[in-house]
Amino acid sequence: MNKNRLEAFSDGVLAIIITIMILEIKAPEESSFESLKPLIPALLSYVLSFAYIGIYWNNHHHMFQVVKKINGSILWSNMFLLFWLSLIPFGTSWIGEHHFAAVPMSIYGFILFMAAISYTILQNKIIKLEGPDSILQKAVEKDIKGKISATCYILAIPLAFVSPWISGLLYITVALLWIIPDARIEKQINKI
Amino acid sequence: MNKNRLEAFSDGVLAIIITIMILEIKAPEESSFESLKPLIPALLSYVLSFAYIGIYWNNHHHMFQVVKKINGSILWSNMFLLFWLSLIPFGTSWIGEHHFAAVPMSIYGFILFMAAISYTILQNKIIKLEGPDSILQKAVEKDIKGKISATCYILAIPLAFVSPWISGLLYITVALLWIIPDARIEKQINKI
Amino acid sequence: MNKNRLEAFSDGVLAIIITIMILEIKAPEESSFESLKPLIPALLSYVLSFAYIGIYWNNHHHMFQVVKKINGSILWSNMFLLFWLSLIPFGTSWIGEHHFAAVPMSIYGFILFMAAISYTILQNKIIKLEGPDSILQKAVEKDIKGKISATCYILAIPLAFVSPWISGLLYITVALLWIIPDARIEKQINKI
Amino acid sequence: MNKNRLEAFSDGVLAIIITIMILEIKAPEESSFESLKPLIPALLSYVLSFAYIGIYWNNHHHMFQVVKKINGSILWSNMFLLFWLSLIPFGTSWIGEHHFAAVPMSIYGFILFMAAISYTILQNKIIKLEGPDSILQKAVEKDIKGKISATCYILAIPLAFVSPWISGLLYITVALLWIIPDARIEKQINKI
């Protein structure tokens, strides 16, 4: 089974997710600089979510480069990942409109956590099919970044009720951690 | 005639259908957990429709893997299928906003039924072009899943007026039936 | 210069145009069959525009199959075509919301006319580059369908003020004329 | 690392940006010619932004034709470019709704300026990877067009407060400058 269409479909969904979020940022009623001020939370949440979708696209791209074959179970794991990512625009507009209030920040973390879990499931399904000697297996052997991210999300969900800013900092930290492109896979590829 | 562009265009349309449905789920006015409660029907209907579009993409993907050539009549059958699938976001938001009331549930079933019919037409056009010895012909010989689905939809349309929950259960049953990827085609491919 | 990305980009734009129109058909406020009635004009205009975008995708697909090379002038002609097609959702929602009133019907015809002109310009640019012996040149030699369509649009624009139904009939006639896939190009390809 | 998916993803994002802007132009409440009048600013700003996205797609297409390999830093520079381009629909609807008022025109220029800077960064990252003898390096050696554009944007941002029409003229000038497809790269390719 061919991986090209899975990549193309995922690219399509990610491209739409990354783009439609801007539809939620309505042009201000007035034409002054001050009228931009109330949009700042929406803009910040857009930047954060744009970065996250960018990260997922990037990692998805890296991961599928080493994939040779796919099967039905990989197709559905990928769909499950796309489902959770598709909820990001909802989370984004909620945290933006409510200035990063506790409950929306917590739910946003939950969506990110579920996306991370789905990504790990997808990764494991691929490794299972490719075999223990696959490049991907070696590349993500310890998956430290993945574990740190999941831990940050788990912490951020309840900590939003202590202070939403802690959660916000955790989300930004994870994003920065990943914006450094996944050198692990690149390294393994270069070894060959 | 080349099948790649037909696949790419269908992927584009399906990617958009699956993604824009989230635009209908507006972030709540308040920032409490309770404010999420009224969104539950919309979320559930989104999950169902997401699964259906996923199923169609999956089966479309499987089916076109064994397609070698296409013609004008296949192009238009595919467009007819995309038309009915494009109505799913409408049906989804209607059943979600009206908590799975009878008429919306019935109409939702009608849209699913028409999509199923279009898919069968497309399948038959492909078999006609590929010939009776084609892999697809063997793979869908009895098409039991297809027939069960169509029957469920036909039942669900009037039964929504007895109880919309019966229709709901039927839609979920059909979805689960298909989420198991179309092993029939995979089996035939592996035989070769 | 490679034609693949031009095809992919056009497919993307057409896929979005065909899909976002459904966002304009809002789920009814009530959950009765009668509440669907006011949506009928919107649905009909959606069907018509869906068919038109389908036709353009189909013909674009056929035309680019015989294209071997492209240049900057073809890129911009294609962009000009996409611009006019991108106005179709606007025209569609206007004619739907105003039950096919004269002015919207006339403007809708103007958009279709400009799209047809752009398509002809694109076709001519391709023929110019491919040379007078190109398959495309032979396929569209007389371009009777193209001329009939343009004439129908020109008639429909003023006739909307006599009766919008005349324009409507003309738009439907042109659509039906084209839904028969462009046998001309297929014929020329088969000759080789 | 393969450039195809980066191209496909960028095409997807650009296709959506170019298309969703039309969603902001709502069909008029009435069905008269006069009711189109208030839409003229929105339509004009749509035409301008459509041209800009078209230009970026065109140049992106030209640039990546000469790219042989990509790396993580190119992926992220591309994402940074897409981010600024994704803000164009916001700017477009703001300048349209406020009839090209000073602040929106200035912000629109800022978005265009940031997009231009991102494009230059992307270009430099590619040249760095491809080496000083690359086709791209030769093609954009002096990058006069790029420098004129950046200068125009820098001028347009403050000049909007003298008169928004000056900024408007500057944006149109830059657009026209680029609609002439990037002959520089085509020339270098033809030399080989």
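A few comments on the model shown:
As written, the chains take the letters A, B, C and D, and residue 1 is the first residue of each chain.
Assume a residue touches a chain if its C-beta (ideal position, glycine included) is under 8 Å from a C-beta of that chain, and two chains touch if they have at least 3 such contacts.
If you're wondering where the values come from, they're calculated on a predicted model, not measured in any experiment.
In this structure chain B contacts its sequence twin chain C using mostly different residue numbers, the overlap staying below half. Greatest centre-to-centre distance from chain C is found for A, with centres as Cα means. Per-chain CA centroids place chain A at a distance of 37 Å from chain C.
Chain geometry summary: the mean Cα position of chain A and that of chain B are 26 Å apart. Shared contact sites, meaning residues of chain A that touch two or more other chains, fall at 8, 12, 15-16, 20, 23. If you check the complex, the residues on chain B that touch chain C are 1-2, 5-6, 8-9, 12-13, 15-17, 20, 23, 71-73, 75-76, 79, 82-83, 86-87, 89-90, 93-94, 97-98, 101-104, 107. Partner chain A is touched in their complex by these residues of chain B: 7-8, 11-12, 14-16, 18-20, 22-23, 25-28, 30-33, 35-36, 47, 50, 54, 57-58, 61, 65, 179-183, 186, 189.
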